[in-house]
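Dropping the structure in here first, questions after.
By written order: A, B, C and D. Residues from 1 in each chain.
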Amino acid sequence: MTQDMTPATPREILICTVAGLLDGCRCVAVGAASPVPAAGAMLARALRDSTGEPPLRISILGSEAHNFFTNGSVELFDAAGQGRIDAFFLGGGQIDRQGNINLVGLGDYPRSAPRWPGSFGSGYLYYVVPRVILYREEHSPRVFVDKVDFISTPGTSEPGTYRPGGPYALLTGKALFDFNKDKRGFRLKSLHPDHTLAEVTEATGFAFDHDPDPATTPGPDAATLHLLRTRVMDELAETYPAFAAELRAGIETTDRKATV
Amino acid sequence: MATDVHRLAAQIAPGSSVAIPVDYAGVSMAFTRALIEIGTRDLTLICVPTGGMQADMLIGAGQVRAIETSAVSLGEAGGAPRFNAAVKEGSIALRDATCPAIHAGLLAAQKGVPFMPMRGLIGSDLLRNRPDWTVIDNPTSDTPDPIVLIPAIHPDVAIFHAPMADREGNVWIGRRRELAAMAYAARRTFVTVERMSETRLLDDEKMAAGTLPGLYVTDVAVAENGAWPYGLWGAYPVDQAEMARYARAARSDDGFADYIAARAAEVVS
Amino acid sequence: MATDVHRLAAQIAPGSSVAIPVDYAGVSMAFTRALIEIGTRDLTLICVPTGGMQADMLIGAGQVRAIETSAVSLGEAGGAPRFNAAVKEGSIALRDATCPAIHAGLLAAQKGVPFMPMRGLIGSDLLRNRPDWTVIDNPTSDTPDPIVLIPAIHPDVAIFHAPMADREGNVWIGRRRELAAMAYAARRTFVTVERMSETRLLDDEKMAAGTLPGLYVTDVAVAENGAWPYGLWGAYPVDQAEMARYARAARSDDGFADYIAARAAEVVS
Amino acid sequence: MTQDMTPATPREILICTVAGLLDGCRCVAVGAASPVPAAGAMLARALRDSTGEPPLRISILGSEAHNFFTNGSVELFDAAGQGRIDAFFLGGGQIDRQGNINLVGLGDYPRSAPRWPGSFGSGYLYYVVPRVILYREEHSPRVFVDKVDFISTPGTSEPGTYRPGGPYALLTGKALFDFNKDKRGFRLKSLHPDHTLAEVTEATGFAFDHDPDPATTPGPDAATLHLLRTRVMDELAETYPAFAAELRAGIETTDRKATV
């Protein structure tokens, strides 16, 4: 089975990276419009099942099939407050050096222009979920800024503030960072294949720690990639049909390139 | 049946605060259209906990004075154009929140208490812009422990759409318990439903578990496809093409006006 | 199947705080009997919001160190004899409450906040005897407004009986939502059920509305007639004759011991 | 129909009095073990239906048939806090001059002897339900005391305390009282038929206001009595079979006496 597989696409590497970040979690919640995080969570669940470890519970908000909550939309927040949600994903129109997130808009609040939808649950979940994974595929200086225009939710809190949760990792289309709470800043953990430190430094509007020669984000082993392309792809197709089709097309393109 | 929805909408006084549910919980778009035809003004919308096309249309129609919400968007169809324009123009008062803060405010009203404590928020610009949210030092802690108090939210009216109601006004809401939370907190609750149940919902233990008692329901009207173009859980999906059509039209004032006029013409014809 | 209930009961550590439901909501008497056979000591009972035969038996068996409750009684069968005797002897620590205060404490735990405000209580001897309840001046009011803060109740364990569960640990609780409230607040939840459902409860929208998700359920065991002599809603009524038999027997230490011994003998034979 | 009816029994007069106290209410809650209040509420509902007034909602706690709550046992308290419950009934092991109620026990708390079940919801409902009707059929100095041993819930509160609710009436087997919030005490409103002021004064362990010549508690008119003995009796028999049978037996006894 492994011989005839085409190599992992960049998206597949992102999905596998997400799955790795969920190691040891019991319960993960994913926002409705987050197919890559959802795929990563589904992959983590499938890997868990294949090794016989305790199952990973996934709740995809707004989904009827992949949502086990029965107490209305408040239940995610309650469960998070109870410490039952180990990981959650947040994006952001802007994310700054200190891990502050802006989901509200640019310019002087309240008359933001452009105005973005709003802060959703970030003003709570970022504080109480232990592993908040910041996921934003676009890696550019307009997203990763030195200081956000509006703090929907801050990356760190003053000592004495109740804050069991916070940023755990930042995953972009170019790199993976982790977050140092004490230094209040990000540290480059690895560059995705075919991306360079110089490119990432230029695309990031804030300073970050890094090794002189950063590691490369590892790709999946053959078994993981197989699981992703079979069971997880089927699960994805149910909830995110357009995304699953796109993912499949990406694999085929890579395949054609490989055989040229 | 359109008349029935109008009977309900006519009971909303100008200046009312109106609680409306999240996209997927049961949005009464039939009620929205009736409110726009009647032209009820100066509404304060309370999105539980986020808003979409319903809020955007009422804002576009100039009927909204203020909005409390955790977000407004059209989901896959993109941002909410009339909301975004109104924010830019400064023509509506904004009370930006985070989802659980809205739930907390409604819960305080449900419990008959003046406030609910809530974790999070400290250090955010949400808190900085909400003078009605108070930070205190947790009185039950021996060490300093700042915590936010969210005041009770008492909507004048709650409005939503559900699959069915019975003759006593009991409404089947399934596991969409935010609809119950809205009704508990609101002074009056108006519900549109796909159909009336001929049997009493509370008589069947399975149905009873997902039923909002008539005690909280002021009036009910039948409105088939009443959530359209939103979907209704267990009944019909979102009409994404119509959502996209609206999203395109509402980019401009004129486009929005045309869209509303065309919809109104359809109803009349 | 008795073994299964024992497997659950064996997981309760001595000294645990244990939340148990009101008479009519689904009392796991099967679990009670297993706890008595195992002899788990130093329990703190949290009655949600009142207790009955379950609390009385555990007190009679000398396994209860403290009890938080709004009442303990056997309903139509009269007062709770072992509870009343223990109060007279001063052999259990009492935390007398009023029903909504217990609900408020559990709700605080559900919401992940340190306390819930609550109206009432001021001027009562309940409040006077509860140093853990704090009175503050409502920080959101312009005028003096004393209000009580109830600290979060985090039971180590919640125990109840329900009609059915599925293989994922989802439990059908119908409209008995206090059972969900207990489970949300508790660190671990053990449930006995009449039977296992072969279908997934969340797959049916009607059942889902009355289902506690497996996320909150630590372990489940089948115990047919597991509420007996209490009834189970929708399934079987209270066995009033057995309740009366217990009430008579438990008037004395010896009578209580004989009753327990006789029950244990029945199980063995 | 009215000619051949036997006169109202004392219990029936109590039930009719309860119904009268619920005049104008929209929603009434009744405790599980309160058949006379429940019967009164059912009668009030039946009367309301016969005149075409807005219906009276009744919730009998613990009953499956006569309970419209769907959010667990907390919902009564929530609804009361929302101002949706107009009337509720409380009993009491002791009730004192100031309307304080003791449901906990006699002697020095916590080692009460006897110990009664406990305060149930009284420490909240007495504060927030506008019409709390105190109902205790036994009218004796051991029940009606000058000062209760334990205040489960107080009759009045200091100014500035949130207290929209409180005692509205006290109904016993001998008399009906109302409560004066300003004077913090009861006032005799009427004596039930065949009871005297002297008897009630002696049976009450506290002082109360009264007219020199108190009124007599009125009995029901024929139509009301008929409704009680037909529709309400049927409803009662479903929920309180023993009580309904007892009530019926009482009527028959009166009937026999009347025909002797």
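Everything below uses one rule, namely that contacts are C-beta pairs under 8 Å (C-beta built on N, C-alpha and C of every residue); 3 or more make two chains touch, one makes a residue touch a chain.
Because the structure is predicted, anything quoted here is derived from the model rather than measured.
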Starting at subunit B, fewest touch steps before arriving at subunit C: 1
Selected pair, greater C-beta contact count between A-B and B-D: A-B
Whole-Å gap between the CA centroids of subunit A and subunit C: 41
Approximate Å spacing (C-alpha centroids) for the pair subunit C, subunit D: 30
Residue numbers of subunit B (touch at least two other chains): 107, 111-113, 118-119, 145, 147, 175, 180, 208-211, 233-234
Two or more partner chains touched - positions in subunit A: 69-71, 81, 128
Residue ranges of subunit A touching subunit B (in the complex, touch as defined): 32-33, 62, 64, 69-74, 77, 81, 103-105, 109-128, 150-154, 157-158, 160-162
Residue ranges of subunit B in contact with subunit A within the complex: 22-25, 48-50, 69-73, 75-76, 79-80, 83-84, 87-90, 94, 96-101, 103, 107, 118-127, 129, 143-147, 175-181, 233-234
Complex contacts: residues of subunit C adjacent to subunit A: 109-113, 170, 180, 184-185, 202, 208-216
Complex interface listing, subunit A residues touching subunit C: 27, 57, 68-71, 78-84, 128
Subunit B to subunit C touching residues, read off their complex: 104, 107, 111-119, 134, 136, 138-141, 145, 147, 149, 151, 173-175, 205-211, 233-234
